[in-house]
Every structure is written in C-alpha cells, then in structure tokens.
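Both complexes below contain chain A, partnered by chain B and then by chain C.
This part shows the complex of A and B:
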C-alpha cells in the first residue's frame, strides 16, 4: 500500500515553523564566539515576535482547520494559546538577557531549550489527538528539566532539575497509561471522536460508564494534575521554583502551566458534561483543595520564590473553577485567566530578579523592607503585580477572577465560587504582606542594589501596561477569548 | 460631562503630582490643593443647579465600557448622591490643608494617593452601574490602606492590614452577590431571555417586576445579605466594627477625617442605594417587626448606638473616644433606615451628612491638639481653655453638635431618625435614647477633663490654634450651625428621592 502523504498547508503552520527556524539560527550562531551571547537572546525575542505576529494574523483571519490527518488543529483556540505562550517566551527572554549577563559562555542551549519548550507547548495546544498532546508534553517537559538545572554549579539548581525530572517522568507515565486505557476503551485517540463516542443522540453511551475508560480519564487527570501543579500533585513546584534559576521559575510557572491547561481544557470541558457526575465532583474538589492549600501554605512562606510557587498553585485552582464550569464561558474564562496570570506572574518574578544585589539575589521577604521609598520604581512594579495576583480592580487579575467566577455561578457551582471568593481574601493577606514590608518596615541593613538592566525594565513596563490596560479595558482581550471559544463551537 | 470632570480631575491631579519633582514640596501641596478645589467648585455648581423638584437621576452619562458583559460607564446623581458628593468634595481641600505641615516623609506619594482616593470616593457616589460601583468601592480601599499603613502611628501596619482584610472580606461576598444579580437579571418566569445587565436603575425596575427572578423573595434575601455584609463592614455595624478604632488611632489626622467623614458613609449609601432600593423584599424580612429577624436591622442599629457610646465613655485616648462615638452615631443612621418610613430615611440621610461634617471637625480638632502636645491622653491635659480659648470654643461647638444639642445639626438628624424609628420599633427606639444620654456624658466629661480645671503646668506655653487650622474648621462649623437652624437646606435635596423609595418599600 503506497504511503499517502496528506496535503499540508504550510502557511497555517507559520508560527511553529518560525520557532523551529529561530531555534536553528540560534544553534548556528551559538558556534561563533565573536557574537555576543546577548544577541542570541534578541534573536529569540525577534523569532517569538514574528511567530506571535503570524499567530495574531491567523487568528484575525478566522482560521479553523486541521492538518496532518486531523491530528493538528489550527483554530482560534490553539492560536489564542499560542499568543499566551509566545508572550510569555518574549517576556522571559527579555528578563533573561540581563539576568544571565554577557559573562556566561553557554547561553546558546538556554535559549535553544526555551524555544524547544515553546514549540512543545504550541503542539500541546494544537493537539487534536492524544498522541500529539503527549509528544508536545514530552518535548516541553524534557526541555524544562534541563533548564531547571541550568546552573550546574549550584546544588539547589541541580536538585530542582533532578526532582522535576523524576516526578515529571512519573506524571508522564501516568498520562501515557491513561492514553492507553482510553484508547483501549474508545478505540481511537482522536479527541473529538472520543467525545462524540460518549453520547448517542441525546443519551450517554455505554462508553461514558465503562470502567476502563473512566480509569483512563482519571489517570489523565493525575498526569495533567502533575504538570499544572494542582493539589495533591503539587509537591514538586515549590522546590523546583526555589532551586531553578529565577527566570526559569518564571517560565515554568507561566507557559507550561498554560500549555497543560490548554490540553486539559480541550479534553475535559467538552467531556465533563458527558461523564458521570462524580467526574465533575472530582474536578470541583481538586479546585477547592488547590486554592485552599496553595493559599494557606503561601501564608507561611518567608522565601519569596516559594511564596510565588504556592501562589501559582492557588492560581491553578482558580483556573480549575473555569474548567469545572464546563461551559463555553468557563473555557474562555480559563483561557483569559491563564493569559493574565502568565503576564502578572512573570512580572512578579521579574521584580524578584530586579531586586538583586552584588552578592546575589534577595529572596527573603524581609529583604524587601523599606524598598518602597528607596527603590520606588521597583516597589511600584511589585505592588502592581501583587495586587493583580490578588485580583484587585482595576487590574487585569480582577477581570480574570470575575469572569471565572461568573462562569461558575452560571454552571450553578455556588459553593465553589464562595470558596474562590474566600480564597481571594486569604491570598490578599500574603500578597499584601510583601507590600507592607516594602512600604511600612524599616530595612535591617542597607543593601546595595544593582542598577536596573534596561531589558528587564522594558519587560516589566510591558507587563505593567498590559495588566493595567486589560484591567481598565477588558474588552480588548475578552472579545478575543470569547470568539476563540465560540468559533470552535460552530 | 460636568460629573465625569469632577470625578476624574483628582486622577489627573495624581498624574500631575507624580510628575512634579520630589523636592518642590510647596508646589506639590499647592497643586494638590488646586486639584481638590476644582471638584469642590463643581460639586457646589451641581448642588445648586440640581433640580430639586424631580426625584430622577440627573446629569447622567451612559456609554458602553465592557461590551462582553454589557457593562456601561453609567453615572448620574440624585438628591442623595449629590449631597454626599458635596460632602466628599468639601472634605478634600480641608484634608489637604490639614496635611500641610505634619507629613514628614514621602509627601509626593501621600498627596498622589490622596487624590486617587478622592477619585474613588467621588466615582462611588456617582456610579449607576453595579460593576462600576464595585470598582470605585475597591478603588478607595487601596489608597486608604497605604495612607494608614505608611503614614500612620506606631501600630500602623496592624491597623492597615486589619482594615484591608475586613473590607476585602465584605467586598468579595458583595462580588458574589453582584454576579448572582447579574446572572439573574434576564430571567423572567424561569426563562432566560435578552441581555443581562449591571445597570442599577434597570435592576431596580426589574426587581419590582412580578415574576422576575430578581423579585423572588428568597433570592432577594440572600443577595441582600451578601451586599449587606459588604456594606456593614464599611459602616461599620457591630460585630464588624473592630477595625475602626484601630484604623482611626493609627491614621494621620486628615485620613481619619476622610475615613469618618466619607468612607463610613459609603457603607450606608450602599445600603440605601442597593439594599433598600433594589431588594425591598429582602429588606422586609429583616425590618418587618415580626420576631427576631424582623427586628434584626433595628437591633443592629440599637447595638451600635448603645455599645458605641459606652465604649466611648470608657476611652482615655481622645481619638479612640471620637472613633467609638462615630460607631454610636452611625447607629442612628441604621436605625432610621430600618424604620423605612419618610421621617426615618430622611433623618438617616441627614445624619449621614451631619456626621460627616461633625466627625470631620472632631478629628481635625484632635489632630490640632496632638500636633502640639504629641499625645492624646484625655487625662494628661487639663485647663487648656486658658491657653487656647479659640480652640476651646470651636471644640465646644463640635461637641455640642455631636451630642445633639438642639439648634445644631446633629440634633435634627438624630431626632428625625428616632421619630421615624419610634413608629416602627417602639421599645428599641426608647432604649436607643440611652445612647444620647451617654453621648452627652462622655463629651461633657471630656470637655471637663481636657479644657477646664487647673492648667497642667506642662502646657504653660501651648500655642493657640493657627489660621490654617481655623480655615479647615470654619466651613464645617458654619455648616453645623446652618443645618441646625435650616435643615431644609439639605433635606430639600433628597426628600423627593426618599418619597420615591418609601413608596417602593410601602408597596411590599
């Protein structure tokens, strides 16, 4: 039988192709010592920028097609997620250029791996097929394991990489096993086909109650749960965030989390209404647990990176609210939330980097005492990011939370929303504690801060403008997210 | 346009102030003063040109803001809001003047935050879209938190975070109630059709339409509670009041003035605007006089009055005394509102305005004394009337107005509230008058301990109140006298709106 090669419309794959080319260019240029390593960072930014531009272009053209025998989806949903990933990548690269400086000779692989991970994320969001999702997941995860241990000389960084690798491998195994079981029960790995097999006409089919299928679904939840760090699969997150280079912690907390949710939402938002109600119950329970555990433990942290790690766990819980709602609004609210979350979280990590002194990073919250008046710019950025994380109007974080809560009230998950609302109040406590430290405490010792590197300031200014703009004029993003979901429904 | 200009001039001022160089303090102060005087002028224009014979909203602006949720930038004023806008705009420049000398660090940030706070407060009283209303409500929280936390007294950190968390707790419940209202805003007889809305006047109409989901009394009860807790923290109503004394004691003078003068009114304004107008059925459950729940709102008012007054009696810190007296006086507002009749609501609103003016005076006066003596222990003074006769005179006026001396403004509001309440809740009202007696006791006792008797030798050369300080007090003093003699000056403004509200409440 001759191998039939499907028609491929290369123009639809522009974003991915641009990333691959950039990756190769970075690889080649890394060989020349004469070229400043900072140039590699700028190349990454330009490449991601072009990919971002072409994603927006495709999104505006209303593209809705599949490629490679329906394995790969280029629709407004995957394109919206591309934008999230690429914006995160650009912000992280901007921050990295000054974080790594020009002294480190081995920066080539760093940017290379960031680009590879980005490619993996784009595959995950575009996957119409469990296998593609898995491929993307592995491509992303393997790059991240290396990046987490990028500071080879630092024991903490190596430990972070090792921990991430071991637990990540477990999660991948669960995920793969889940795929196998689902395939065994449904006879296909194509996601829309699986979902359509769950019902016959208006009735649920036998498949939706098949133990084999349900076991597979629960294994998938466990696998995703690890990747997006929801409780009780979250233990790796604080250790990895703490040990990994701060830029990579920012990166892991943003794009990969969004990518995990991209695949999570593709499968579950449509499948949940067709599964036994216990499945929704599990998601609701996980959401409550994730928010509460994340926020309560965050209160006890003294290290800012660990605090941000627990806060990012809690934020996964808020996204889960949108997932539990399992309606179109829930899906678009989760997408919107992820976008906003990525920008504000990278922003917060950016400020942590900005607060470096000559003898390294200042990671204890008490180090921030008195910054409010001595480093007004830095403190202002931090305050803005933290307020947005706490969901305070008129910042983007408020818009995100409001939309997520609204979608869940619509789905009649009242208790979940009340839980979310109370959690918001709890989270305000530890976010504000940093603000209190910055503005209301006197410093114990005078710290000599490094001058602000320009690229870092650019990155933070971009993040700050984004947060305020979305906060004041949410329509800019809201309409995009809604149409992304609606067009997928048509 | 005029109204939008008034709301956003302080915000513009904030940007201007932030751009000024940090060293030119004199310029920063003058600019801030100018940017708070503009809203005052505009508020006076609005107050004068407001058509008193009409109960509807005037000067409204309605432009789309967030299309996806049908959220509009909808603002407008009725008699109630224009009265409170005037109060807010009046206290703005007064507070800037009160901060002229005693802000030692970060003057630029202080003034910028103050202007942001003013925009939040003005916007809150003008907002006619529930979402906008909530955004402005939250917008006041943040600058207030910093103003207390950075420029406050020794326990400022504790006070600021307590204030913030209490209010945030209330406002997240309010947010949930708000979402519930929004989602039910297009459900008629169990069928959802048409677009949803956050528009307050529309929602009020819908909530009175038979068969509409918003008109359902169980639904109204729950959302009533959600909003009520949010506002009760702000008023503050017992048992959510414990943040107030802490916040007042730590806050700088001008911020205490704003807190007592305007921020507490935001709570009661919200109760009138949202809880009473939008959820009359929910309100009826707590005010119909049947059983415990039917008397609960009036009981809360009673507890505030009596508990606040007795606590004030026990204080030795001058500022804390005024703070607790605030809790007591806000109780009259709650009692009047619980009555739900014309006298009660008119009295409550008048009391809101009066309390804004009088408590502002009291806090300014405490500040004047604190700036000179650097402590606020009531028992640490004595006989200073001989050294500061003008100051003593003004203080006596404020005390008398606050304890409800006929002829001064405090009397009219409290008397009307009690008159209204007596028609509905006889026993509770009679018991509430204990608060007035205790109020007279602690004010007169304070007057005696601080101003009369032997002069404490430590204060031999206490300087008299200066011109700038007198300037901050005189407009407020004049208002207390004018409103005492001619209360219709304010009552005329909102009596039409109140009649409307009473008609809605009576229809239940």
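This part shows the complex of A and C:
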C-alpha cells in the first residue's frame, strides 16, 4: 500500500504550532544561564498569547475543517476550548513568575511542561478520533505528573506527583480498555462515525444495545471521570492539590478539567440520546453525587487549598448537569461554565498565593481573619472570586450556573436542577465563611505579608475584570459557545 | 440622543467611586484631590444630563429599542409569552431628564459643599467613594428601562444610605440608625419585589414599554382575582409598599428622622433631595398602571395623612435636623398626593422644587452646625442672623419657599397639587391646606428661634462663631436661586406651564382642575402667610419652653410615641419570638440539632472516609474499583 501523505493546511494548525515553537524556544533558552529565569515565564505568556490570538482569529473566520484524515478537528468548538486552555495557561504563567521567584530552581522544565500539557489539552479538544483524544490525554497527564512533584525537596509535592501518576495510570488503562471495546463493537475509533452508527434512520441500531459497546462506553466514562475528578473517582484531587505547588494546583484544577470535559462532551452530548436510558441515569447520578460529596466535604475543610479542591470537585458536578441535559444548550452552557470556572478558580488560587508571608504560605482559613481591613486589595479579590464561585450576580459564576441549570430544565431533569440549587446553597456557606472570616474576625497574630508581586496583581486584575465583564455582558462568550454548538449541528 | 452619552453619564460616578474606593490610601493625605475627583465625576454626569435634557426637549428621547443595550439573560420558553429576557437598557424621556438634572445638579453642589464640610474627617475618601456610589446607583434607578434595573438601583441606593447613615460607625446611635433604616426598608423592598413578581406573571416581561403597551391594550394575564384590574391593583399596591418604605410614608416613615445621624450633606442629598423621592418617581413612571388600577386614591390618602402627621410632630421638635427630617416626610406626602390624584406632573414638579429648597435648608443647617460646633438644639441658638448672614439669608429663602410664600418655588408646586386634589378629594384638599399652615408655622418657628431674638449661645461656642468658608456658602447661594425662582420660571400657568408641556408626553392626561387658579393661589398664600405670622407672634423673641406643658404637647413632642409603640408591639415581640421560638427552639433545638446531627454524621462518615482518604494509593484504587463495579452493575443490569 503506498503511503499517502495527507494534504495539510498548516495555517489552520497555527495555535498548536505556536505552542510547539514556544516550548522549543523555552527549552533552548533555558540552557543559557545568562537569561533571567523570569524571561522564560514571559516567553510562555507571549507564546500562549500569540496562540490565543490566532485561535480567536480562526474562530472569527468561522473555520470548520478536519485535518490529518479527519482525525483532527479545527472548528469553533475546538477553538473555543483552545481559548479556555490558553487563557488558563496565561493566567497560571502570570501567577507563576513571582511564585517561583528568581531562586536557583530550574524553571525551564516548569514552563516547558506547562506548554506541553497545554498542547495535550488542545489535542484532546480537537480530537475527532478516540486515539487522538487518548494521545492528548496522555501528553497532558504525563506533564502534570511531573509538575505536581515539581518541588522535589518537598515530600508533600513528591507524594502528590507519585499518587497522581499511579492513579492516573490506572485510569488511563480503563480509558484505553474502553477504546478497545468500543472499537471492537463499532469497528472504528472515529467519533462522528461511531455516533452515526448508533442509529439507522430514526431507529436506534443494534450497536446501541450491544453489551460490548456499552461496557466500552462505561469505561470511557470512568476514564474521563478520573481526569475531571468526579465522585467516586475524585480521591486523588485533594491530596494532589494540597501537595502540589499552588500554581500547579491552580493549573490542574482549570485547564485539564476543561480538556477532559471537552472530549467528554464531544462524545456524550451526541451519544447519550442514542444510548439506553440508564446511560443518562449514570451521568445524572454521577452529577448528583459529585456536587453533593464535593460541597459537603468542603464544609469540613480548614485548609483553603483542600477546600478549593473539594469545591472544584463540586464544580465538575455542575458541568455534568449540562452534560446530562445532552442538548445543544447543555453543551454550550457547559462550555461557558468551564471558561468561567477556569478563570475564577485560578483567581482564587492566585489570591492564596498572594496571601503568602515570609514564612511560607498561609493555608489555614483562620489565617485570613482580619485581612478585610488590613489587606483590602487581597480581600477584595478573594471576595470577588468566592462570590463568583458561589454564583452571586453580577459575577460570571451566576451566569454560568443559570445557563447550566436552564439547559437541564429544558431537558426535564428537574431533580438534577433541584439538587444543583441545593448544592449551590450549601456551597455559599463555605465560600462566604471565608469572606466572613476576612471581614469580621480579628486575627490571632499579626502576619507580615510579602509585598504583592506585580505580575500576580496583573493576573488577578485580569481575572477580576473577566469575571465581572462576563457577569454583566454574558453574551460576549455565550454567543460564541452557542454558535460553536450550532455549527457542529449543521 | 445616543446611548453612549447616557453610558458616560452613568459610568462617571462609578469611576469616581473606584478611584476613591481603591486608591483611598494614597489619596488620604490630599483632601482636595479626593473631593475634587468625587465632585468632578458628578460634574461630568451633570454636563451629560444637560445634554440629554436638550435632546429630549428637541423631541429626541431615548426609548424602546433605541435605548436597548443588550440582553443580560435570555432564557427558554418557561412562560407562555415567549422567551424570558432580562434586558439592560436606558429609557430617557422628559421624566428621566428631570430626575437626572435634580440628581446630578443638586448632587454636584452637595459634593462641592462636602469638600469643605468633611474637612479633616478620618474617613474623607471613604465618604466620597460612598457618595459617588450613591449617585451611580440613583442614576441606574432612574435610567433603567425596566423594573429590574430600577430594583437594582433601588437596592443600591438603600445600601449607600445604610453606609452613609452609619458613616461615623464608632457612634452607637449612628450604627443603630443605619440598621433601622436598612431593616425598615427591607419591609418596603419586599413589597416591591412581590410587586415585580406580580407584574412579571401578568405581563411576562419587566420592560416598561412592553408592560405599558400591554396594559393599555388589555392583554394581561389574570394573576389575582377575577379581572385584569384586580391583578393590576395587587401589583400597584405592592409596588406602593416599596414606595412607602423608600419614601418614608406612614407607617414606615420612622427610619428617616433617625437617618439624620449621618453627615448633614448626606441628609441633604439622600434623605431629602433624591433617594427618598424614588418612590414618587416609581409611581410617576408607572402612571399608566396606577390609572388603570385606580389605586391612586390609596396613594393620595396615605400621602396626605403622612403630610399632616409629620407636620404635627415637627411642631414640637427642637433638633434642627429632625425638624427638617419631619418636614421632608411631610413634603413627600404632598408629592404622593400629587401622583395619587393623577396630577403626575404636579407631583414631580413638587419633587423638583423640594429637592432644591430642602437640599438648601439641610446645607444651611450644616452650615449652622459647622459654626456652632455641631450643636443641634435650636434652644441653644438664637440671634444668629448677625453672625451668619449668608446662612441666614439662604435659609430664609428655603423656608419661604417651603412655607408657600407667594411666587417662590414651593408656592407654585404645592398649590398645583392642592388644586388638583380639590375636585375628586375635597377632604384631602382641606387636610393639605391645614398642613400648609402647620408647615409655615413650624418652619418659621425654626427660623425665629434660631436666627432672631436673644442669643442663647453658650459663651464658649459664641467666641468661635463664624460664617462658613466659600466652598460651603457658595453652593448655598447657588441653590438659593432655583429655590426662589424655579417656580416662577417653570410653573407659572398651572396646567399650561412650561413644566407641564415638557412632561406631557410621559404622563396620561390629567383632567383640568376646575375653579379659578387665582382663587386657589390666594387661599394658599393667605394660609402660608398666616402660619408665618403666627410663628412670629409666638417665637419672635422667646425660645420654646423646655418642657411640654400639657398632655397633648407631650404626646406631640414625643412623636406620638410611634417608635415606642413599634418597639413594644413589633420589635420586642419579634425579638422575643426569635429568642424563644427561633433561637431557643428552632435554631438551638432543630437547626443546631440538624447541624450537630449532620456534623456528627459527617464526622462518622468522615471517619469512614478518612479511612478511604488515607493518602494510601492502594486504598484509593480499591475505592475506585468498588465505584466502578457498582456503577457498572447499575449500568448493565438495571434496564
């Protein structure tokens, strides 16, 4: 068989190519000691910025094509997710520059791995093919394992990386096994083909009831469930977030979760209506379980990083509501939610970094007592992020929740929405508790805070503006998400 | 008129708030800069308001689709009438521009005055931040093209009012007054919310234009009762409950006199000129609904009773700001009479004139306090006119205006309201006339006791008596001009006056009041002058007696014991009930029981989960596998 080289339109691959070039440049420049370590961070930001700009450019041009023999999709859906990933990467890099400091720690690999993980996420969102999705997943995960244990001298960090690796490998095995079973049943790994094979005309096909296929689909749910940390596959998350460097906890909680959902949504929003109803039942059940367990355990936390970890588990549950709705609105609202979630969550972790003192990080919620008046800027950022996480108008978090709930109402999942609403109320308790601690409690001891690094403040200001802007003008983003879903339908 | 103009108008005070709010630390040392930024922000709004006013005057308002900015939330078809949209947009017509000019015009002067008045205060930048935020919220209230935006502004001004009443939060009385205002307003706001819900259920929208169009066309879902009218009655009365709270009418007026704990310029701006008139604005805006529901009579009666009641209380007060506060409550009552009897333009006209003369009087009161080292008791004043000539002159202008002295602004607007009331509500007319007499009397009692007669100022204070600096007296002088003349400029000719022509497109046509305009004017003048004369006879050279002499006086001096009655019959029972029922029984017993139970449960579960969340990876894998097996079982076998 002669080898066919597919026609490749390189200009469509600009975002990915820019990221690859940036990571190569970072790799090379890291070898020169004369280069300030901070420069590498700025390179990352510039590279991600260019990739972001070209993604937006492609999105506005209405690009809708596949590449590499239909394995790779460049359409408004994948481009929208590119924007989420790249915005997260830029914010995390901004927060990281001061966090890593100008010490002698090697910083080249840090940014290199962040860029590699970003590339993996972009592959996952663009994958039109289970194999590509798996490739992206592994590229992303392997980078994250290393990043989680980046502070090698810290036992907690090493432990976090180790755990993440072992459990991640376990989940990857399930995922791969799922792909194998699906391939065995459907005869293809191309996602649109699999979905089209589920129905013949208006009728569901035999494939949709084949146990082999269903088992494969279920294992895919497990694999994704692990990556996006839904209950009961969530246990790695609190340990990893707590042990990993705070910037990496922010990173892991944002982009990779969005990437997992990108692929999750691609497959399941279209497939669920064609699968037996208990498949939807499983998703609904997982969503309820995830929200409830995440929020209830978050109440009991005294460590703010662990609290944010459980909160991020709960937020995955809210996104699952959009997934369970399995309609175009559900898909677009989940996309909107993921964007908002990434910005506000990175923002919240950013404030945790901001609250560092000379002795290290202040991770206990009680350390935040009295900051409302002593550190008004910090407290204001924290309040804004927490209000948004809790879903108060006029922040973005409100808009995100509203549309997710709305899509589920339209799909008649009333119980799911009621669960979501109750959970929102529960979550308000532990988010607002931090606000109350900041403004209404007296500190037990005076803490000497480090001066705020400018890059961190820039990152937080950007996140704050984003949250308020989307909260006041949601159509900026929602229209993009909706048209991305609409164009996929046509 | 482009929406961009309105955006600049709206955003400018917000920018001022952000600058003073975020960079207060750096501005603290520089009062001029901080206050200057605050005043400048409002000045920009004032200029935009004038420009908007000219546009509207040239027949170019911003209404309907033109004012639509964007849809905040678009929701699915939950309701019969199509998708639910929450729109953000502006509605700028004659009524709006009148409000804009009052808010930014009076607001600007008060900002300038505050630069001097707040000199040396600890919270100088905080003060200007709040004041700018207030102007921003008030602008949202009047600019919005739907009830939701109005509500956002409504709550925003309530928050700022709370913050500014309790501005000197080290003072127990100030924080108490702030809380009182906030809580009493909650009652009203709850009514407003319910009213909004009713409107939404009846019309499927909250936009002014679509509600008013549907109301006129009669396409209303019946939510309450049998008829569309019943539904509208419920909606308008609930909205009026909101107005009663915000505009301090019977029985919710009690917060306003206490609100005088805030800085005096705040009393002038928020608790006289602008925020408290929001209820009047809301009813005028909803004129079509009130006309259809025919609930105006309720509004008018509450208004006139409040006017009388507050005027009686004002007779026996000795605190200069409290007299003005009760006078505000009383004058707001007149405005409600105006909008209640269907003379919307007259009610709004009185709102405008009142904003000028009452704002002026509060500022002069501030000037007196400034000179007297914050003394408020008029019995300790007297003979101040020689020491504070400008303050005296400007106060006199304000007092003459409110007393209805011929040809000053209050004369025209009050007369119009009374005249309009005469036809359908002769009793309201008579009560209004009595109130007018009382108003002239208590206001000139205040003047004569404060500025005339023998000086009763304590010697220590007397040595420091001085006229206020220019930054303070200049706004007084400027405000005195419209207080005196605005009626002559805009109000001459009753229903054919300039003001009525300007606003005629906004309001449903009021019926022409019958009877000779001149006769009514003559009666009003006589009543006003009689009040002044009687005050002169009684107080030209003596202070009010220290103790009330008979029971009636005692009752009045104690404000009819309303606060005490509320305290005994509402506050204490609620506190008691909340203590025993809610706290001891419900909270401690049930809620804490649940919470403790849940906590105990969580501890138990946590104990079990901790065994899972050991940090041991093998255990995690085991729990994952269990999860997988359980879900797989459900997934494959439960069909």
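The working rule: the second predicted complex is superposed on the first by the 488 of 490 C-alpha atoms of A that agree within 3 Å, B and C clash if a C-alpha of one lies under 4 Å from a C-alpha of the other, contacts with A are read in each partner's own complex, and residues count from 1 in each chain.
Definition applied: a contact is a pair of C-beta atoms (placed from the backbone, for glycine too) under 8 Å apart; a residue touches a chain by one contact, two chains touch by 3 or more.
Predicted, not measured: the structure shown is a model, and the values here were computed from it.
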>> Looking at A:387 after the superposition, I want to know if it touches chain B, chain C, both of them or none. Which is it: first, second, both, neither?
In response: first
> Is A:474 touching the first partner chain B, the second partner chain C, both, or neither of them?
Replying inline: both
> Does chain B (first) or chain C (second) touch A:296, or do both, or does neither?
Replying inline: second
> In the superposed arrangement, which partner chain does A:409 touch: chain B (first), chain C (second), both, or neither?
Replying inline: both
> For chain A, which side has the bigger count of touched residues, chain B or chain C?
Replying inline: C
> Which partner does A:431 reach: the first (chain B), the second (chain C), both, or neither?
Replying inline: neither
> Is A:421 touching the first partner chain B, the second partner chain C, both, or neither of them?
Replying inline: first
>> Contact-wise, after the overlay, does A:99 reach chain B, chain C, both or neither (first, second, both, neither)?
In response: neither
> Of the partners chain B and chain C, which touch A:439 in the superposed model: first, second, both, neither?
Replying inline: first
>> Shared contact residues on chain A, chain B side and chain C side combined as an intersection?
In response: 402, 406, 409-410, 473-475
>> List the residues on chain C that touch chain A in their complex, please.
In response: 22, 70-73, 75-76, 78, 602, 606, 609, 612-613, 615, 617, 620-621, 623-624, 626-628, 631-632, 634-636, 638-639
> What does chain B use to touch chain A in their complex?
Replying inline: 65-69, 105-106, 109, 134-135, 138-139, 142, 145-146, 149-150, 156-157, 160-161, 164-165, 168-169, 172-173, 175-176, 179-180, 182-183
> Which of the residues in chain A end up touching chain B in this complex?
Replying inline: 372-373, 376, 387, 392-394, 398, 402, 405-406, 409-410, 417-418, 421-422, 424-425, 428-429, 432-433, 436, 439-441, 473-475, 478-479, 482
> Okay, in this complex, where on chain A does chain C touch?
Replying inline: 159, 162-163, 166-167, 170-171, 174, 211, 214-215, 218, 222, 226, 232-233, 235-236, 238-239, 276, 278-279, 281-282, 285-286, 296-297, 299-300, 329, 377, 399, 402, 406, 409-410, 472-475
